[in-house]
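Each structure below appears as structure tokens.
Here subunit A shows up in two complexes: once beside subunit B, once beside subunit C.
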Partner chain A sequence: MLGRTLREASAALKQGQITPTELCQKCLSLIKKTKFLNAYITVSEEVALKQAEESEKRYKNGQSLGDLDGIPIAVKDNFSTSGIETTCASNMLKGYVPPYNATVVQKLLDQGALLMGKTNLDEFAMGSGSTDGIFGPVKNPWSYSKQYREKKKQNPHSKSGDSDWLITGGSSGGSAAAVSAFTCYAALGSDTGGSTRNPAAHCGLVGFKPSYGLVSRHGLIPLVNSMDVPGILTRCVDDAAMVLGVLAGHDPKDSTTIRDPVNKPLVLSSLADVSKLCIGIPKEYLVPELSSEIQSLWSRAADLFESQGAKVIEVSLPHTSYSIVCYHVLCTSEVASNMARFDGLQYGHRCDIDVSTEAMYAATRREGFNDVVRGRILSGNFFLLKENYENYFVKAQKVRRLIANDFVNAFNSGVDVLLTPTTLSEAVPYLEFIKEDNRTRSAQDDIFTQAVNMAGLPAVSIPVALSNQGLPIGLQFIGRAFDDQQLLTVAKWFEKQVQFPVIQLQELMDDCSAILENEKIASVSLKQ
Partner chain B sequence: MSVHASPTLFMAVAVTAATAAHSDVITESRRSALRTDTLRGPRKEEMWARALWLGLRAPLGGPRGFTSKTDLQGSGRITAEVIEHLERLALVDFGSREAVARLEKAIAFADRLRALDTDGVEPMESVLEDRCLYLRSDNVVEGNCADELLQNSHRVVEEYFVAPPGNTPLPKLDEQEPFPHS
Partner chain C sequence: MAAPVLRWGCRGRRWALACVDGGSCYRRGPPTGSTCDRIRGQSSVAQQPLHTAQKPRKGEHKWAAVVGLEIHAQISSNSKLFSGSQVHFSAPPNSLVSFFDASLPGTLPVLNRRCVEAAVMTGLALNCHINKKSLFDRKHYFYADLPAGYQITQQRLPIAVNGSLTYGISAGKERGQVIPKRVRVKQIQLEQDSGKSLHDDLRSQTLIDLNRAEGQLRVDANISVHHPGQPLGVRTEVKNLNSIRFLAKAIDYEIQRQISELENGGEILNETRSFHEKLGCTVSMRDKEAKQDYRFMPEPNLPPLLLYDATSLPTGADPQQVINIDQIRETLPELPSVTRERLVQQYGMLPEHSFTLLNEVGLLEFFQNVIKETRAEPKKVTSWVLNIFLGYLKQENLAVSESPVTPSVLAELLDLLDSRTISSSAAKQVFEELWKREGKTPGQIVSEKQLELMQDRGALEQFCYSVMKDHPQVVMDVKKGNSRAINKLIGLVRKATLNRADPAMIKEILEKQLSTFCGMCEEHARLLHRYTHGSVICSLPSHHLYLAFLSMLSPPNSPPTTVPPLFPTDRRGCVMFPSLCP
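Moving on, here comes the complex of A and B:
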């Protein structure tokens, strides 16, 4: 049951094959079994069971709220959840209990979803590995998959035991691990520079970043106001569309959400053929650091579209090489501003110094933030200094326009969807990842994903195939602004073509019959 | 992107020198910077003397903007002044010389933008710049949650958040140990 898609689970609930409480308890028990993954910071067991009880009543009375009623979901710990601790994996907010729900959380709860818990992340969503939070790093469930372990055994150089577990990618690593390990059907992440798509690619999931302005950011603890969006992590594209249908739409509490009407519910049509489609391949994304495996998969994907009748053309996004630099400047500058609210006075951590306000603020912030956050705040403040403002911040804003225009030009040349890699390589071992510092890693790993955030476009990472080491590799589709539905439709077609294998976590699942059921049903579900 | 590749100032080069006398140098220079009334002349020479003393062989072709900010070519110059200024603005301390080195690297990274010609390009603040911002009408529809909000604070008296006295600047550098946490 846990290996099914959201839609199947929903159908099962409606048909009475399983009750919300049973489903909830299965998920809770699996969460306990997979605790070593460190995907969850807070497991909201009582809340979830209570919600399950209410959902069950609704189903009994034939008054289910919709497709999400009774479905376990997880939420990244930088979304405010009323009554449930929200930490952003930082000492600064440890013990902080928000008095309100983020709009996206409220929307999910209004549809009857069960909140399993808050997932782990990099501190304040800064990072590309989910390794830098105070609750420790998140382990990639694929480290324990049969697919990976069998390949490892064949390698004479591999270490035995658990010491070379893999990172999930970041910063929504906890959400990705939670969905990938079947502890929930969907999870919310946030995406500022690729934080949803990166872990999705490393964990073999669909990671969707909506257009900026489509989904409300109210309640999402902000990192970069002009680029943040809530992201959706699921095991298949239809599930992501279903969740998007619930979340999208204007929110009076977030004035950066657009007021255009949104299709509700969002149902994706199945593309019969792709002959009217034009796929763009940005040539600047072919960088030397790209692993040859991913490059070959990218090329094969392009060939696949072409063989099925689509037009595949090379496009140019000339300012690509400056994109990551521009992102770095804008991100740190906005972070410097956004982190200023953490002073210990009204919420969050507060130090013991009482000499003066400034001394108290300084000590609180020193104790509350880790090196990564402090580094970004200081960098940001540097770029915002009067003497540097024009040369760095305003310059970066100008470069941002150039980058956004690149995309506009590409789409104006007749391209419907761009196809790029999501990451430079498959998931790496943690011990390998920590050899470089957070900023360097982010600059490397965000290379394909952050330009999309700067242009505010929708993008989705789709798992394509397993690497030679048995690890997932994803490819990214980028669409026009507010063309999220079309983007997902193309992604759905592609997903059906590639038939990405299900993760085999036999060692984690005690019940063999459950595994067989998962394999059968999960593989069937993708053949819609 | 190495620190040595970027035109370095005394401070940044000292950071990467990794000598035992390193911390003394930083302390000394920061203290001396504050003791002099003007930040020109004596301090510059003093810093130069130290640079030579450390045997640093960075290609410093002449005095590089230790003093006036207008001399700066725009890219990172992490002097003691800048450190103090940033720490004061951000109310976050560097904490270690690695942090200063990281900032130098970050600035060197950001300097790559210079190569791009952006003449005539308008800065982009938001991707939704072509749309109207929606604002709610100014009517109170929710609130009355003072109790809930006060619960999140560590120090509260009746309905007040309690702050320590303000208008007291942070202690000057020579009154405190630099990099206490390194």
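Moving on, here comes the complex of A and C:
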């Protein structure tokens, strides 16, 4: 049951094959078994069980709220959840219990979804590995898959044991691991520069970043307001579309959400033929650092479209190479601003120093933020200084406009969807990953993803195939602004063609259950 | 995990206009104490020497001062600029705080439509250019009453720019002379309020109130002095002036201070100062020595604010979603300068009276409502509203809306006065009664207190007669040509009638009676008649007069014998007495 898609589980609930409580308990049990993945920061067991109980009543009375009623979901720990600790994996917010739900969380709960817990991330979502949070790194479930382990055995050079586990990618690595390890059917991530698509690619999932302005950011603790979008991680495109249908729409609490009505519910038609489609291949995305395996898969994907009658053309996004630097300036500037509220006065961490307010601020912020966050605050404040503003921030904004125009030009030339890699390589072992610092890693890992955030476009990473190492590889589709439906329709067609294999975790379960079954699971006490 | 020691609350909204000296680049001083959610505007000063602060000594240049004001004014709205929290004056601390106001992570600003409309309206009233596209910026600084670490304002592209306000000041030598003045408005901007810090020195802690609705107006004054024709001087900023009186005092003080500093070889520092209310001087705020860089950046959570007019309004636009400048222009009330002009023209009142009527909230409306309902002359109404009504309000420190006397009640009272049913002083007495809030009408009070004017002429003539009889000295004063003495007689008659007589009628009767009255008793008159060969016709007694008369004729203590008919008489045969006076 847990291996099914959201749509299948929803059907099973409706048909009474399983009750919400049974489903919830199965997931809770698996969360306990996979605790070592470190996917969850907080498991909201009591909340989930209570919600399951209520859902069960509704099903009994024939008053189901819809497709999501009784479906276990997880939420990245940078979305505010009323009465449930929301930490952003930072000392700064340890113990912070928001008094309100983020709009997206509320919408899921209003549909009867069961909140299993809050998932792990890089501190304040700053990172691309889910390795830099105070609760420790998230482990990629594929590290323990039959597919990966068997390949590893064949390789005489590979080390044995658990020490070479793989990163999930990030920063929504906890959400990706949670869905990948079957502890829930869908999870919310956030996507500022690729934070949903990157871990989706590494964990073999669909990772969807909606158009900026389609989904409310109210309650999402911001990284970069002008680029942040709630992301959706699911096992298939249909599930992502279903969740999008629930989340999309204007929110009076977020002035950047659009008012135009969204087609609801979002049901994707199955494309019978792609002959009317034009797929664009941005030539600037072919970079030397791209692994040959991914390059070849990308090329084969293009061939697939072409062979099925689609028009596949090379397009140019000429400002691509400036994108990551530009992203860095804009991102750190907004970070410097957004992090200013964490001063220890009203909520979150406060140091013991009370010599003066200024000394208290300084010590609180030094203790509360990790090096990555502090580094970005420092850079951002530098770029915003009066003497630097024109040279950095304003220039970066101009470059941002050029980058957005690149996409507009590509789409105006007749392209319906762009096809690109999501990541440079498949997931790397943790020990390998931490050889480089966070900034270098982010610059590398966001290379194919952040430009989309600067342009506000919808994009989705679709798992395509397993690498020679037995690890998932994802490709990215980028669509026109607010044409999320067409993007997902194309992605759905592609998903059907590639038939990505399901992760085989049985061995993992068997191995781990013995070790972990006595371990108590962390759970949050409800402060309503 | 830092239990909040500091309390928080919600934001008020303010509106601010600021005058900044034209062209010179200014920087706002650091945060101090209470500031607020607001529209801030800046207007630049017309730069004639506003103050010629000292008389130039011989051989010295004249000084000219340049003054620019940054005015922070709270917008009258039900909820705050960027949140749905309510705005109330003197609400309990932190009782009106939304999650956004407390800057909880993940909350976003939502612009209040009413505040935008108010800003546009202000811009129009101040003859500004309204920017159809304006932007919001974040201004960063760390301060305990600024929970987000930044303030949302409109630094780069504000909602309105380049306006002006013309006004007049009564400073001419002649009464009612108004000298026209014009001040330029640099910009009007919508700005979020910060909280209010309350420093508890005893416990060495600061309490924060995030209600932010305290104080309707706050002004920062930028002041510099220079010699005309030379470059502008270095500017100081006196912050947080909360009354017009202190503003004027602070500016005057600062101009004097700068001049004497410069004349004594000192220099003016570009600094922020505060005004010490008790000492009446400005003091440097030395706590902010470090250079502040506010690191302005665009507010990413608020899209550009777009305004429309009749020509640019998109067809089929949802009226709830667009703001139409032309529509706001139509709802603009008559502007004060126009109203004042109209009052002077229509009611013939003095310009300074028109200022007073407009300066007190609700007074003009009160006045107009009285005018509407009474038959009394506008001048009479003006006089009553400005002298008596306003006097009572001021004495008890009441607003017009709190007045116990309504316009229609005052109108009724003035009608009674106008119809001469009561005297002016009786009317004042009635007004005093009305102020007691006993719910009586002027008519009731008049009849209860028997304040009606005497309408019986005969009776009044009797009163006049007896007063004259009892006050011969006064009568004599009148006869001697002391024109003011008749007022004393009128007063005495009024007193005798318990203020129920119409002074005009009293005067008329008195004048008539005086012309035929000499004031002697019959016996004396007989005597007089004998002496004057019948030329004296009056017959009422006045021993004093008689004796005085006699003493003129004979040596003291010697009885009169014969009197030659020496006395001149008027046409009617009355003796002309003036020559009798010592």
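Observations on the structure shown:
Here is the rule we use: the second predicted complex is superposed on the first by the 508 of 528 C-alpha atoms of A that agree within 3 Å, B and C clash if a C-alpha of one lies under 4 Å from a C-alpha of the other, contacts with A are read in each partner's own complex, and residues count from 1 in each chain.
Quick note on the criterion: a residue touches a chain if its C-beta (ideal position, glycine included) is under 8 Å from a C-beta of that chain, and two chains touch if they have at least 3 such contacts.
A quick note: this is a predicted structure, and the numbers were derived from the prediction, not measured.
In the superposition on chain A, A:94 contacts subunit C only, with no contact to subunit B. Contacts of A:267 after superposition on the shared chain: neither subunit B nor subunit C is touched. Applying the stated contact rule after C-alpha superposition, one finds that A:258 touches subunit B and leaves subunit C untouched.
Contact with both subunit B and subunit C is seen for A:345 once the two complexes are overlaid on the shared chain.
Of the two partners subunit B and subunit C, it is B that touches the larger number of subunit A residues. Looking at the shared chain after the overlay, A:287 reaches neither subunit B nor subunit C. In the superposition on chain A, no contact is made by A:431 with either subunit B or subunit C.
With both structures placed on the common chain, the touch criterion links A:381 to subunit B and to subunit C. In the superposition on chain A, A:220 makes contact with subunit C only, not with subunit B. Judged by the touch definition given at the top, the superposed model places A:399 against subunit B, while subunit C stays out of reach. The interface of subunit A with subunit B overlaps its interface with subunit C at residues 96, 99, 226, 252-253, 255-256, 259, 336, 343-348, 350, 357-358, 361, 381, 385.
If you check the complex, the residues on subunit B that touch subunit A are 69, 72, 74, 76, 82, 85-87, 89-95, 99, 102-103, 105-107, 109-110, 112-116, 118, 121-128, 131, 133-136, 145, 148-149, 151-155, 161, 163-171, 181. Across the interface of their complex, subunit B is touched by residues 96-97, 99, 212-213, 226, 250, 252-253, 255-259, 319, 322, 325-326, 328-329, 332, 336, 343-348, 350, 353-362, 365-366, 369, 371, 374-375, 377-379, 381-383, 385, 387-388, 391-392, 394-402, 404, 437, 439, 443, 454-456, 481 of subunit A. Within the complex formed with subunit A, the residues of subunit C that make contact are 1-2, 4, 6, 8, 99, 102-111, 138, 140, 142, 144, 147-150, 206, 208, 293, 295-297, 300-303, 321. Interface residues of subunit A facing subunit C in the complex, by the touch rule stated above, are 79-80, 86, 88, 93-96, 98-100, 102, 217-222, 224-226, 252-256, 259, 333-334, 336-337, 339-350, 357-358, 361, 364, 381, 384-386, 389, 393.
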